[in-house]
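Given below, in the form of structure tokens, are the structures.
You will see two complexes here that share chain A, one where it goes with chain B and one where it goes with chain C.
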Partner chain A sequence: MKILCVCGLGQGTSLILRMNVETVLRELRISADVENTDVSSASGMSPDYIITSNELAQTLAGTSAKVIIVNNYFDLTEIKAALQSQLN
Partner chain B sequence: MKFLEENLVAFDVEVSSPEEAIRAAGNLLAKGGVVEEGYIEAMVRSYHENGPYFVLAPKIALPHARPEDGVKEASVSFISLKHSIVFGNTANDPVQFVFALGASSSEEHLTLLKKLMLLLNSKENVEKLAEIHTYKELHNIIRGNDQ
Partner chain C sequence: MDALKWVATNVFGTPAILLGFIVFLGLLLQKKSTSQLISGTFKAIIGFLIINAGAGVIVGALNIFEPMWKEVFNLKASSLGDFMGQEKFNVKYGSAVTLAMTLGFLINVLLARFTKFKYIYLTGHMMFWTTTIFAGVIVHSVGDVSFGKLVIFLAIFMGLYWTFQPAIVQPFMRKVTGNDNIALGHTSASVALLSALAGKYLGNKNNDSEKIKLPKGLEFLRDSNVITALTMGILFLIGSIILSTKGTPGAEELIAKAGDQNFIIYSIIQSFTFAGGIAIVLLGVRMFIGEMVPAFNGIATRLVPGARPALDCPIVFPYAPNAVILGFLGAFVGALIWLVILGNTVSYVFVPTMIVLFFHGATAGVFGNATGGVRGALIGGFITSTVVAWGQYFMVKMLISSTIPDTAMWAADNDMFILGPIVKFLAQLFF
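Here is the complex of A and B:
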């Protein structure tokens, strides 16, 4: 399973999201290949899931990946709930 | 690596737009000698081009640009706003706390982000940020994390 965490520049925000997503996946005992990148590179990649903010999800409308929206990147409880309900 | 050192922190800053908020936090980095002046406008440009996605959590914005936009040293500054500002992020507006990130491609970048997450992954810490007005108080919160 490939998961891509996406932000505008691929430098800071998506890395924070990725680290918190990895923490949650460890807690859920789910193994996945998690990467982070910027929004323009993301469209050329083909992950199973993209995790991003509501703002950037609009820009990624053309992707074949399932898009999971996280509003609070520092809230592990929200990230966990989003992953549990969307990953299958 | 410079993480929320005394000269990179300001409280109750008065601004009237997201751009002013980003510049105020960015100016601290430039004055501290850790980014070039041009990096500040690169952060504002990124806001205009990519939108307010960097409002990562309720009340919290983390503006930044790319390392090649003029970062001399991996760094984070902080300002609290006297009056909250709407950035256009429906889930997390209005913004009260701005952490400007001098993004580097070094290993220190990762260390800085981890320090920031240690501070902000805690709801209690974020609540405390609203109540503090001095560097000493901020330092106490950060020190509490390291223990």
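Here is the complex of A and C:
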């Protein structure tokens, strides 16, 4: 399973999100390949899931991946809830 | 002795290998699997080598942009002169930068552990650029410096900056986010502070930017590649149209570079090439920062109880999405004004660093809105472009002209411009 964490520049914020997603996945005992990138590169890749904010999700509307929206990148509870509802 | 010398040249003297080694250690400390060890280390090495490739592409496009706008303003074609450029600079000083960045981070962790400033700086790509630019300033002001001295000086300076910058911004950060859990760790800190202060005195807090409805059509502005190409595209387009009608020998010479292609089309392609170059560099940076920062974070959280992460500027964007757009607009309009003013007064062709105009302008917008509403956000954006335009002029012309002015034109930004003279002064004092 491949998961992409996406932000506008693909550098800092998406990396923080990736670290938090990896933490949550460890808690959920799900193993996945998580990477981070910018929104333009993400449209050209084909992961299973894309995790991003509400604003960027609209730009990614054409992707074949399932888009998971997380608004607060630091709220582990929100990330956990979003992942649990989508991954099952 | 021979073995030591071999290691010094081939490991510490080859930045890509040194970086791979640091990432390898980081992954080892995190107890990653063998497969992750290999892929992480390789990605770090490849990433570093990619940066040079992207820097070459960017410089290629700037070599059209600069003479074009010089001709528009009728400036004498005094070129940047002799300088090393990012590629050569990386070969010679890349290892010192890499090592200083790593040691600087450890100093940050130690300061957080033993003082009341519990901030851990985690915006890895900015750590890399800031250290690179300051290394460029030092080498320019004091000439060839020894590896050891450069590393020690930079590590201490960066360690202090990464610890205290988030602390200084935190009172306003609390106002923006409404809590005390996260801090801003980014080189836009200076303009965030300035615009929060300007917003307080010049703005109107009651007119909060989030009350207004902005058109949905502006969403594309959140994609960094799009903003880069768009801003440069507008400038290349205007420049090429003016040049096409000018008919001066200088203009003819530039137009000839396009060959059979229409000059305006050729110029527009340059703006996309420039955006492509930036995308390449960022890909390279992402490849090693993505391995390094989680390792840094792992070390920090284990060593520093109650550590607060200082993070990249987009973390403040969700708190005031409209202010993000207003801040960028203020910065963009300001950049156009300063481009014309700088060209006509000090004869400098300002390269508006789009990523800076957006990310820094937007951050300034959010902070300006927190104290001064819509007006505060717009003023914050304008302040950003002012610091960026004049800062770039001073840095490229005076602080870094013999080393990496090419990098300073698009990768240097607010805090670096403000701290640059201090770095120069300290370097002259200590070296």
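Structural remarks
Everything below uses one rule, namely that the second predicted complex is superposed on the first by the 88 of 88 C-alpha atoms of A that agree within 3 Å, B and C clash if a C-alpha of one lies under 4 Å from a C-alpha of the other, contacts with A are read in each partner's own complex, and residues count from 1 in each chain.
Please note the rule applied: a contact is a pair of C-beta atoms (placed from the backbone, for glycine too) under 8 Å apart; a residue touches a chain by one contact, two chains touch by 3 or more.
None of these values were measured; they are calculated from a predicted model.
After superposition onto chain A, partners chain B and chain C are found to clash with each other. Between chain B and chain C, more residues of chain A are touched by C.
In the superposition on chain A, A:N20 contacts chain B only, with no contact to chain C.
By the document's definition of touching, both partners, chain B and chain C, reach A:F74. In the superposed model, A:M1 makes contact with neither chain B nor chain C.
In the superposed pair of complexes, A:L28 makes contact with neither chain B nor chain C.
With both structures placed on the common chain, the touch criterion links A:T37 to chain C but leaves chain B unconnected. By the touch criterion stated above, A:E55 is placed in contact with chain B and with chain C alike. Overlay on chain A, chain C versus chain B, candidates 147-155, 363-371 or 399-407: the clashing stretch is 363-371.
Shared interface residues of chain A, touching chain B in one complex and chain C in the other, are 7-9, 11-13, 15-16, 19, 39, 53, 55-56, 71-74. Those residues of chain A that touch chain B in the complex are listed here as 7-9, 11-13, 15-16, 19-20, 39, 52-56, 71-76.
Only residues 122-126, 181-182, 186, 219-220, 222-226, 279, 282-283, 285-286, 289-290, 293-294, 297, 309, 311-315, 318, 321, 355, 359 of chain C touch chain A when the two sit together in their complex. Chain B meets chain A in the complex at residues 46, 49-54, 56-58, 60, 62, 64-67, 89-92, 101, 103, 109-110, 113-114, 116-117, 120-121, 123, 126. Those residues of chain A lying in contact with chain C across their complex are 7-13, 15-16, 18-19, 22, 35-41, 53, 55-56, 58-59, 71-74.
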